[in-house]
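Below, chain A partners chain B and then partners chain C, in two separate complexes.
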Partner chain A sequence: MFAKTARGDWLLFAIFTAVVLAAPILFAPIGAGYPDLLQKFAIYGLFAIGFNILFGLTGYLSFGHAAFLGVGSYATVWMFKLLSMNVLPAVVVSVVLAGLFALLIGYVSLRRSGIYFSILTLAFAEMSYKLAYSVLTPITNGETGLQVRNLAKAGVVNFQHGDLRILDRAFGVVEHGVPMSNLFGIKMSGWPGFYFCAAALIIGFFIAMRISRSSFGMMLRAIKSNQNRLNYTGVNTRPYLLAAFVISGMYAGMAGALLAVTDPLAGAERMQWTASGEVVLMTIMGGAGTLLGPVLGASVIKYFENIFSAINENVLHQVFSWLPQGVQDVVVSILSLFVGEGWHLTLGLLFMLIVIFLPGGLMEGLGRIVSLFKRGKAASDAAQNGQEA
Partner chain B sequence: MSKKLINRRELIRNAAIGGAALAAPLHFVRDAHAEAYCNMPTGKTVTLGFNVPQSGPYADEGADELRAFKLAVKHLNGEGDGGMLNTFKPSSLKGNGILGKKVVFVTGDTQTKSDAARASAKRMIEKDGVVMISGGSSSGVAIAVQGLCQEAGIIFMAGLTHSNDTTGKDKKRNGFRHFFNAYMSGAALAPVLEKAYGKDRKAYHLTADYTWGWTQEESMKKFTEQIGWKTVKTVRTPVGAGDFSQYITPVLNSGADVLILNHYGKDMINSITQAVQFGLRDKVVNGKKFEIVVPLFSRLMAQGAGDAIKGVYGSTNWNWQLQDAASKAFVKSFGKEYGQPPSMAAQTCYVQTLLYANACEMAGTFSPAGVVKALEGFKFDGLGNGPTEYRAADHQCFKDVLVVRGNEKPKSKFDLLEVVEITPRAKVEYDPKIFGGELGPVNAKPC
Partner chain C sequence: MDAILLQVLNGLDKGGAYALIALGLTLAFGTLGIVNFAHGALFMLGAFTAVSFNKLLTLQKVVLDTAHKTPWGDPVEIRTPYVEAMFGDFGKFMVDWSVPLSILVAIPVMLLIGVIMERGLIRHFYRRPHADQILVTFGLAIVLQEIVKHFFGANPIPQPAPHIFAGSADVGAWLGLAKGTIVYPWWRLIYFAFSAVVIAAVFAFLQLTTFGMVVRAGMRDRETVGLLGINIQRRFTIVFGLAAVVAGLAGVMYTPILPPNYHIGMEFLVLSFVVVVVGGMGSLGGAVAAGFLLGILQSFASMNEIKSLAPGIDQIIIYLVAVIILLVRPRGLMGRKGVMED
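Let's turn to the complex of A and B:
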C-alpha cells in the first residue's frame, strides 16, 4: 500500500499515530469508543506487533508467547506491591524480566526449527501456566489472581493482608481506598490509561518499523526465505534468531505490563495456550510480516470478544423490530447463534474466510482494494491520455 | 542508514494533526464528568449489569442466575405476578422501577475467569453506564469484580460466592453479599456430621485450587477437627480439571474413611461421579462405611450428578422446597416463567437485585454513598431465608443455614435434596475481625 521508502514509512507512521490518537472518536460509531476496549486494542496490538517480529520476519512460529505476557503482568503487580503504584518502575522491570525469560526459553527452543520449535515453546508456556496456576501459588495467588492491597501496617510482612510499597512510603504517598496505578499522580485507568497504552503502541510500532527496515530485519527475512543458504555462506543465524525472540518476548512483557497497569490484577489464564494461540490468530488474520496487520488483527479479535459476545436476543429483537413478527423471530433465532456465546463461531468463520480467500490477511484485502482503486484510476488516466493524443 | 526525509513543513502539519486528535477526545471526557457520582442515571431508565458465567465449569449456575435477574427486573418494573416483592418487608418498592426509573439491564460472560469478568464489568461501567453490577458463581471472579467496582465507584451485589474472603480479607465498602459462606457451612455441617458419622473419622479433602476452595477447606478442617475428626490429607485440584481420577485413586489407600469434596459446579459433578465409580461409597475402611461430604451443595449439581449424590450431606443457602410464603411465591413465579424451580444461585441473585432496588428507594438516590448507608445493618424478612441482617461490619448477610442430604427416593426430577436441619443464625455467627481485611471508605466519586 505504501511504497517501501523512508518517505512512505514516515507517512505510514504519521497516519498510524493520528488514527491511534483519534481512536476514541473514530471507534465510537461502532460501539468501541470506550477506554477499556481501546486499551485492549492498543495492548494486544503491541503484543501482536512483537509477535510479528519473530513470526512475520523469521517465520519461526512460537506457540508460547503468552508466557511472556504473564511474566510481564505478574512482575508489574509485584512491583506495585513492593515498590510503588507509579507505573514506570513496574513497566521497566517487567520488560527486562520478560526479556530475560525469553532469553532462557529462546536459548533452548531455538536449537530446533519448524514444528519442533513450536512444540518446545508450547511446552514451556504450558509449564509456566501450570506453575503459576498451582505450584507457585505463594507468588501468583493461583486461580484467584494476584492483586494489590492496601498498605500494610508497619512491621507486617504478610502479603495476604497488606503491601509494602517501599518507594511510596519513602515519599510519603497517602492512599485512600483501593490503591490505583498512576503515572506521577495521573490515574492509569480510563482515558489516561488508554493514552499511556497508545503511546506505548506508537513507540512499539516505530521500533518495529525501524527493525523491519534495518539490515538486521533483512537478515531475519533471509532466515525466513532460506536458512540453509545463510548457513552455507558462513552466517551464524542463531544470534539473530535469539535477538528476534528476545525482542518479541520483551514486546509481550510490555503488553503484559500494560494489562496490569490499566487493571492491577494478574491471573494465570493469561499464560494459557489459548492466549498464545490468540496472538497467532491475530497476526495471521491481520497479515503476518506486515507492519499494520497485527494491530488490525488484534483489534478485530478483541472487538468480537467484547462487542459481539455482549449482543443478546433482546438486542437483536430491537434491531429487527421493523420486520413482521414471524420473520423477525426466524431471523433473530438464526442470528443469535452467531452472537452472545456464539461469538467464537462468527470469529471462526471470519478466520476461515480470510485464510482461504486472503492468505495475506486483512492487509492483503486492503492492498487489493487499493490496487483496484489505483488500476481503475490508471485505466481512466490512460483513456484520457488516449483521447488527448 | 536512514535519510531524514521529513521536512519542517511536514513536521508542523503532522504535529498539528496529532495535537488536534489528542485534544478532541479530552473534550468528550470533560463532559462525562458533569455528574455527582459514577454513571448517575439522567434519563428515564436505570441500567443494571449482570455479569455471570455463561461458559466454563460454573455455566449451569450462571444460566440460572441470569433467569433470576431477568425475573427480578420484570417484577421491579411491575410486570408479572410480583414474586417476592409481595412478601418482602420492610419494603419501599413500588413496582414502578427504581425511584420511578424503568429498570433495564445488560449482561456479560465472565467465562469463570477473573480477566474476562473484569473486562466485561469494565464494558458495563464504561460503555453501558451501569450503577450496579451483580453476579458471580466463582469467588475468585466475585472478589476481582468487587475490587473493580470499588475502584470505579459503583455498587457490587455479589451473587453466588461462598469464599470467606469475599466479605473477609477482601471485603470492600461498595460490595455486599447475601449468600452464606464457607465458615457458616462448616459450623452448620459439623454437628450433623457428628450425629450421622460419629466422632472418630479420618477425612481426606479434595479442594478446588482458588480462594473459595482454600477457605472452605480451612473452615471444614477447623469444624470437623473440633468434633474429633482427623484430617489425613488435603489435595488441591485445578478448577475445571474435568478428570479427577488421578486425585481419587490415592484416596483409596490413604486410610481415610470420609472424602470431603470442596468442589463446585461441573467439577463437583465430575469428581463425585468418579468417586462413586471407583467404588468409594461401597468400601468399608477402619470398620466404618466410607462416606462422601459435599459442603456446598446445589440442586443444579445434584441434577448433574444423578444417583451419585443419594445420601450425601451438604449445606445450602436456600432450597425451593421450603414452605414459607416467600419461597413459595418465588418458586411459583419462577416456575411459571421458566417451567422449572429456581436454584439457590437464582434465589440469591433475585434477592440481591431486590435488596439493591429497595436500598435505592430508601436512600432516595442511586449514589453509592446512600445505598451503602441504607444497606448497612438493614434487617429484613420475607425473602425466603427468614429474618436476615446485612451486618454493617463486613457487609455479610446473617441468616439460618440449611443442612441438606441427597434424596434417596426423589419424587420428581427436581426433588433431589431433603432439608435435614435448619441451623439457626446464632450458631453460625462469628466475629468479623477473625478474617482480617478492611472495608475502607465508600467510593461515590464520579468516574
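Let's turn to the complex of A and C:
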C-alpha cells in the first residue's frame, strides 16, 4: 500500500500534514488561530472528505449524510456514559456503528440511482431525525440532547443518579467537576483536542488519497462517467457503490464522534437534512472529486461563518464611519442583510454563484488562475523572445 | 366508523397541500426536466404574499381622542385601518376576508416570480446534470428563505380566516350520523374544496385547451413539437409560471391552518418530493393521487390506536411508504415508462 504511493502524492501528503499541524501558527494572522475554530475545520473537513468519496468519485448525490454524523455523535456520548471518558473506545464504536447504519441504508438506497437515490437517502435521514426526536427519546434524550453526567455512586447500576462508566470505575478514576473526554488522561479540550482532530483528518486524508489512486477508486470514477457501459461489460457496480457508501458513512460517523469528543453533547438537529445540505455545500464549494477541495471548502465555509456571524450593525457603522451619514446608513442597511443573522443568505448566494459559474469549485478556480498566470507568463516570454530576435 | 371518517377528513386538507405542491413539481419536471428544490420556497412566498397583503390592509390610522383618558392619563388612541376609514363596511369586509382576497394578488405575483425564476436562472440549467439543478435550486431556496426571514422575522405569523368560517362544521349530521360525532373546522373543508378546484382547473387547462394540448405534446416529444414550428420553450416557461402559481395559492390558503414562518416551505418540500416519487415522476395524476393518499395515511397513523401498536409510526409513515414503493414499484404508482428511469 505504501510502496505504490507516487512521489507527487507523498509530496502532497507531506505538505497537507505540515499545513494541518502548523495550522495554529499559519491561521493566526487571519484570526483563526484558536482551537475551537480549527477543530471545526478539521472535523467538517473530515466529513466532507468522506462525502466526497461517494459524491465526488461516483456522482451519487446523497442528501442524508447527516444521519451518520448523528449516529456517530450519539454512539460516542453513549460510550462516554457506559464505558469510559477515554475517547478511543468511543471513537472506534461510533465509526463501526455508523458503518453498519450506512450498510443498512446504502443497501436499500443504492438499488436506485440518480434523483431517486437522493430522495431515498433524504427520506431515510428524515426518518432517523424524526425518530430521534420522538420514539427514540429514551436513547437520544429527545429535544434536550444527550449529555454526559457525573459518575454515579459506587454500586449503582442504573442511570437515575449519574453515568456508569464501567471502565473508569473499574480503574478507580476520580472525577472533579464536569466530566471531560480524555485520551489516557490528556484532556480533549483546547490544543490537545485540536491535535486529536487534526490527526484524524490527516489519517482520513491519507486513506482518501489511497482510495482515490487505487483500482477501486478507478472503478468508482468509471461508475460516474458511464455506469451503463460498466453494466454492459458485465461488471456488477453495486458492491463498489455500497463499499463507497459505507466508507463515506464511516467518515461521517468519525466526524460525528469528534464533534462529541470536543463537546460531549449530541442533539437530533445534527441529523436534519439541512445539515446534510451543508456538507454537500462544502464539498461543492471546494471542488467535488478533488482531494484537497472538500477540506478547503469546509474550512472556507466554517471560517466565513465564524467571521460573518460575528459582525453586526455597530461594527459596520464603525467600518464605514468615513462615509457621509446618509450614504453610510444606506450601505450599512444593505450590508447588514448579509452579516450576522443573515450569514445564511450570503452562504446561499455564494453557493448559487459557485454552482452557476464554477461547477468545479474553488479548486477549479485556483486551477484557472494558475493557468491564466502561466499563459500570461508564456506570452510575455514569447514577446521577449520576439524583441531579442 | 366515525373515527375513520374523521381521519379521512383530517388527511384531506393536508393531502390537498401535498397534492398541490407535488402537482407543481411534476409540471416543472415533466415540461422542463428540472428538479426544482426551490418549489417549497414558492409555497412559502405564496404564504407571505397573504401575510403582506394582510399587513397592507391593516395599516392603521391613529387618532388621539382627547375626550377620553386611559387609566395612565394619556389620551385614548383610536386605531382604524385605513381601508376601513376609506371604504367603510367594504373595508371591514376586505380586512376580514384578507386571506381569500390575497389569492387575487398572489396569482400575478407568483406568475411573475415563476417566469423570472425560469428565465433568469433555470433556463441555464436544462443541459446540466440533475445534481447541479438540485444544488442551484437548493441554494436559491436558502436565499429566498433568508430574504423573507430578514423582512418578516423568524416567528410564525398567524393569519385569521374570514369570520364566518371560524367555527366547525358538523359533518356527521350531513351524512346522517348523530349530531356532533364528526365535527370539523370549516376552513379545512374549504381548503380541501379549494385544492380540488385548483387541481381540476389545472387538468382542464391541460386537457381541454389548445395551449394545454401543445404542452402535453411537448412533454411527450419536445423535439418534434419544436420541429413543427411551435415555440415550445415559451409555453414551458408559462407552465413553470403556472406551477409557481399553484404552489403559491396552496401557500396562501394554508396560512390560517398553519401560521407561516420562513422555513414552512422546506418542511413541505421534502414531503412533496416523496409524494412525487411515490406518484411516479412526471405523472400529474400520480402526484395528485399520491398527495391525498399520503395525507390520509399520515392522519391514520396518528390515531392513538395505531400509535399504541407501533409507536412513532405517525412521524415516519410517509418515508416508510416511499421507501417500500420505490423498492417494489421503482417507477412509482403511475409513473410512465422511459421517464427518469435512472
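Going forward, the second predicted complex is superposed on the first by the 359 of 389 C-alpha atoms of A that agree within 3 Å, B and C clash if a C-alpha of one lies under 4 Å from a C-alpha of the other, contacts with A are read in each partner's own complex, and residues count from 1 in each chain.
Please note the rule applied: a residue touches a chain if its C-beta (ideal position, glycine included) is under 8 Å from a C-beta of that chain, and two chains touch if they have at least 3 such contacts.
Everything numeric here is computed off the predicted structure, so don't read it as measured data.
Steric overlap between chain B and chain C is absent once the structures are superposed on chain A; the two fit side by side. Applying the stated contact rule after C-alpha superposition, one finds that A:L167 touches neither chain B nor chain C.
Of the two partner chains placed around the shared chain by superposition, chain C is the only one that A:E126 touches, whereas chain B remains out of contact. Of the two partner chains placed by the overlay, chain B and chain C both lie in contact with A:S134. Contacts of A:G114 after superposition on the shared chain: chain C is touched, whereas chain B is not. Of all Cα pairs linking chain B with chain C in the superposition, the shortest spans 5 Å. Residues 133-134, 341 of chain A lie at the contact with chain B in one complex and at the contact with chain C in the other.
Per the touch definition, chain A reaches chain B in the complex via residues 5-7, 10, 14, 17-18, 21-22, 24-25, 31, 34-37, 40, 133-134, 137, 142-145, 147, 150, 160-161, 176-178, 180, 189-191, 195, 210, 213-215, 263, 265, 267, 269-270, 305-306, 309-310, 312, 340-341. Note for the complex: chain B touches chain A at residues 1-3, 5-6, 10, 14, 17-18, 21-22, 24-26, 28-29, 54-55, 106-109, 113-116, 118-120, 122-123, 126-127, 139-140, 143-144, 147-148, 150-151, 169-170, 172-173, 208-211, 236, 238-239, 436-438, 440-441, 443, 447. Listed in rising order, the residues of chain C touching chain A in the complex are 35, 121, 124, 128-132, 134-136, 138-143, 145-147, 149-150, 266, 270, 273-274, 277, 281, 311-312, 315-316, 319-320, 322-323, 326-327, 330, 340, 342.
On the side of chain A, the complex with chain C involves touching residues 59, 61, 108, 111-116, 118-120, 122-124, 126-127, 130-131, 133-136, 227, 273-274, 277, 280, 284, 337, 341-342, 344-345, 347-349, 351-352, 355-356, 359.
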